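Pasting a structure below so you can have a look.
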């Protein structure tokens, strides 16, 4: 029995069935299929919720490895990470309003979340200085378009010259539209091709691709 | 100039951002069409209408989206529009708490369960959004606080996308696309976005499928101006002005240096 | 608030100074809180959307819970094959939903939007219409890789490249707005904690 269940054809069958059901439901109004699709979608949502822990499990394994191997200048931080994580999780599962969890969520998580995301502000400034050179016509168009958008977004653009926000608005609402529309269209083509290949069993990456 | 230590640049931009907070510029902000459309839409709504506040952005993006979120929620409450909140980010409780603190009318003027509800977190990405479009009750069995959905009178009016009059997706990624595909194209529900600046990639859908878009902190400042209550968005625009000007100067200087270097080599 | 300020400065010590122990401490604290929040929120969601129906007698919800737990066999080589079943469901459902949505909104919708004539036909509207239509057609021609970009195909694809650069330049400009807004938010909070500017 487990030999049959291990076969990749079983996996591909389930993937194709689930995907086919979703597409059939969209194009044909068959109540039984609609009901079954609703149930399967609910299952997918609940499975996705449980999948959140998978990434965390990997991280726990990684840091446990560091602690076991006493990785230089890392293992102490791994001890802190795992200890803090376990304490917060236990307290959070018991009572999210308890001071340790509540305080960590409000002051540690909030500030660090914003701070780490904001780090990229430094990098983009450095990139603007070091990388944006008008080496070719394409690069020049990119830089000019970017600068016009900057002057459209910042009120100082209008203060310098009233034409900047008008030009910037044109770039945003007309100039970039063709290119963005193409990227959207082409992404859809890629998604459909990849999706159909997945449902037909030609793409195996998601399940490891082995028997 | 090219050999300047990166840390000098980083300190430079850090200090530059401090200046406008100490000496505000107070530059006027012109409201764009993409923002005005949302304002006009909410102005036509009232106590019989239901708006969905879908949180698809984390705490990390608050600096960009918090002014818009708060301004739009203030407008909804002023128009007495009913509000359903749900989201797809694990830290969204903080976002909801922040909105409730910033818009106290949600607890003083509105009654929870009748005028607004917070349904909680949902995993599943596009699958969840598609499922919610057809059957909300199949997904949510209780709100965030454990109250069964049958006991929430507002949710007895919300069974699918057809019962929502306006979707407001607070977005830092692709959820706007999911709502366009499954709520707007699928069910005809108007969809608007309160997004970070990079969400302009969804402008090709405007106005056919995306009725309005508040673009980053600028969108927030514009909306604050429209509702007549200035806030964090307006204050932050001075820092945006100064930082953008510095970036432009830096790009110009870098390119001048590049041109001069090329001429010397020739 | 002093805690958040200290953690912010510890994080920025990485860019403003160098990789410090303070930065590493902040980094690992962030990871720990993120993981804990994810576990707690996932549990709360399961309680209200899965355990509650089971408690009310709808035992069909046991199936997705069991399937979801099977995912945790992924790290173990001998039983890894079991985790493919829940993955198959998630991938199948997600793929089916994505395909059915993409056709109408991303393909048909975009083409219709590109060819829809302006409602108020001022000269500027006509110019904008033809500009964005030509931009769309030429940019799309650039992505045709089955034919070499030579001869008659050379000029449209070249124009297409320029149109794509226009779009990407606009994206870059908006990215700067985003990044600078994020950074200014942190600067604002630091100034408030230090009492240099008032809390509002």
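Order of writing sets the chain letters: A, B and C. Residues in each chain are counted from 1.
Definition applied: a residue touches a chain if its C-beta (ideal position, glycine included) is under 8 Å from a C-beta of that chain, and two chains touch if they have at least 3 such contacts.
The shown structure was predicted, so the numbers you read here are calculated from the model rather than taken from an experiment.
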Which chain is in the middle, if each chain's centre is the mean of its C-alpha atoms?
-> C
Farthest from chain A by Cα centre, which chain is it? Let me know.
-> B
Report the inter-chain centroid distance for chain A and chain C in whole angstrom, where each centroid is the mean of the CA atoms.
-> 5
Between chain A and chain B, what is the separation of their C-alpha centroids in Å?
-> 18
In chain B, what residues contact two or more other chains?
-> 6, 10, 13-14, 60-63, 90-91, 93, 122-123, 125, 127, 130, 139, 197, 200-201, 204, 215-216, 218, 240, 243-244, 247
Would you pick out the residues of chain A that each touch at least 2 other chains?
-> 41-42, 44-45, 48-49, 51-52, 105, 109-110, 113-114, 116-118, 121-122, 125, 128, 143, 147, 150, 153-154, 172, 176-177, 180-181, 183-184
If you look at chain C, which of its residues touch at least two other chains?
-> 12, 15, 37-38, 42, 44-45, 49, 90, 93-94, 97-98, 102, 106, 110, 113, 170-171, 174-177, 180, 182-183, 185-186
In the complex, go through chain B and note every residue touching chain C.
-> 6-7, 10-11, 13-14, 17-18, 21-22, 60-64, 90-91, 93, 120-123, 125-127, 130, 139-144, 146, 148, 177-178, 180-182, 184-186, 196-198, 200-201, 204-205, 208-209, 215-218, 231-232, 235-236, 239-240, 243-244, 247
Per the touch rule, the chain C residues reaching chain A in their complex are 1, 3-5, 7-8, 11-12, 14-15, 24-40, 42-46, 49-50, 60-61, 63-65, 67-69, 71-72, 74-75, 80-81, 84-100, 102-103, 106-107, 110-111, 113-114, 128, 131-140, 142-143, 160-177, 179-180, 182-183, 185-186, 189
The chain A residues in contact with chain C across the complex are 5-6, 11-12, 14-23, 26-27, 39-54, 56-59, 61, 77-78, 80-82, 84-85, 88-89, 92-93, 96, 101, 104-105, 107-125, 128, 137-139, 141-150, 152-154, 170-172, 174-189, 191-192, 195-196, 198-199, 206-208
Contact set on chain B toward chain A in their complex | 2, 4, 6, 9-10, 13-14, 25, 27-30, 32-33, 58-63, 90-91, 93-94, 122-125, 127-128, 130-131, 134-135, 138-139, 197, 200-201, 203-204, 215-216, 218, 237, 240-248, 250-251, 253-255, 258
Show which residues of chain A lie in contact with chain B when the two form their complex.
-> 34, 38, 41-42, 44-45, 48-49, 51-52, 105-106, 109-110, 113-114, 116-118, 121-122, 125-126, 128-130, 132-135, 143, 147, 150-151, 153-159, 165, 169, 172-173, 176-177, 180-181, 183-184
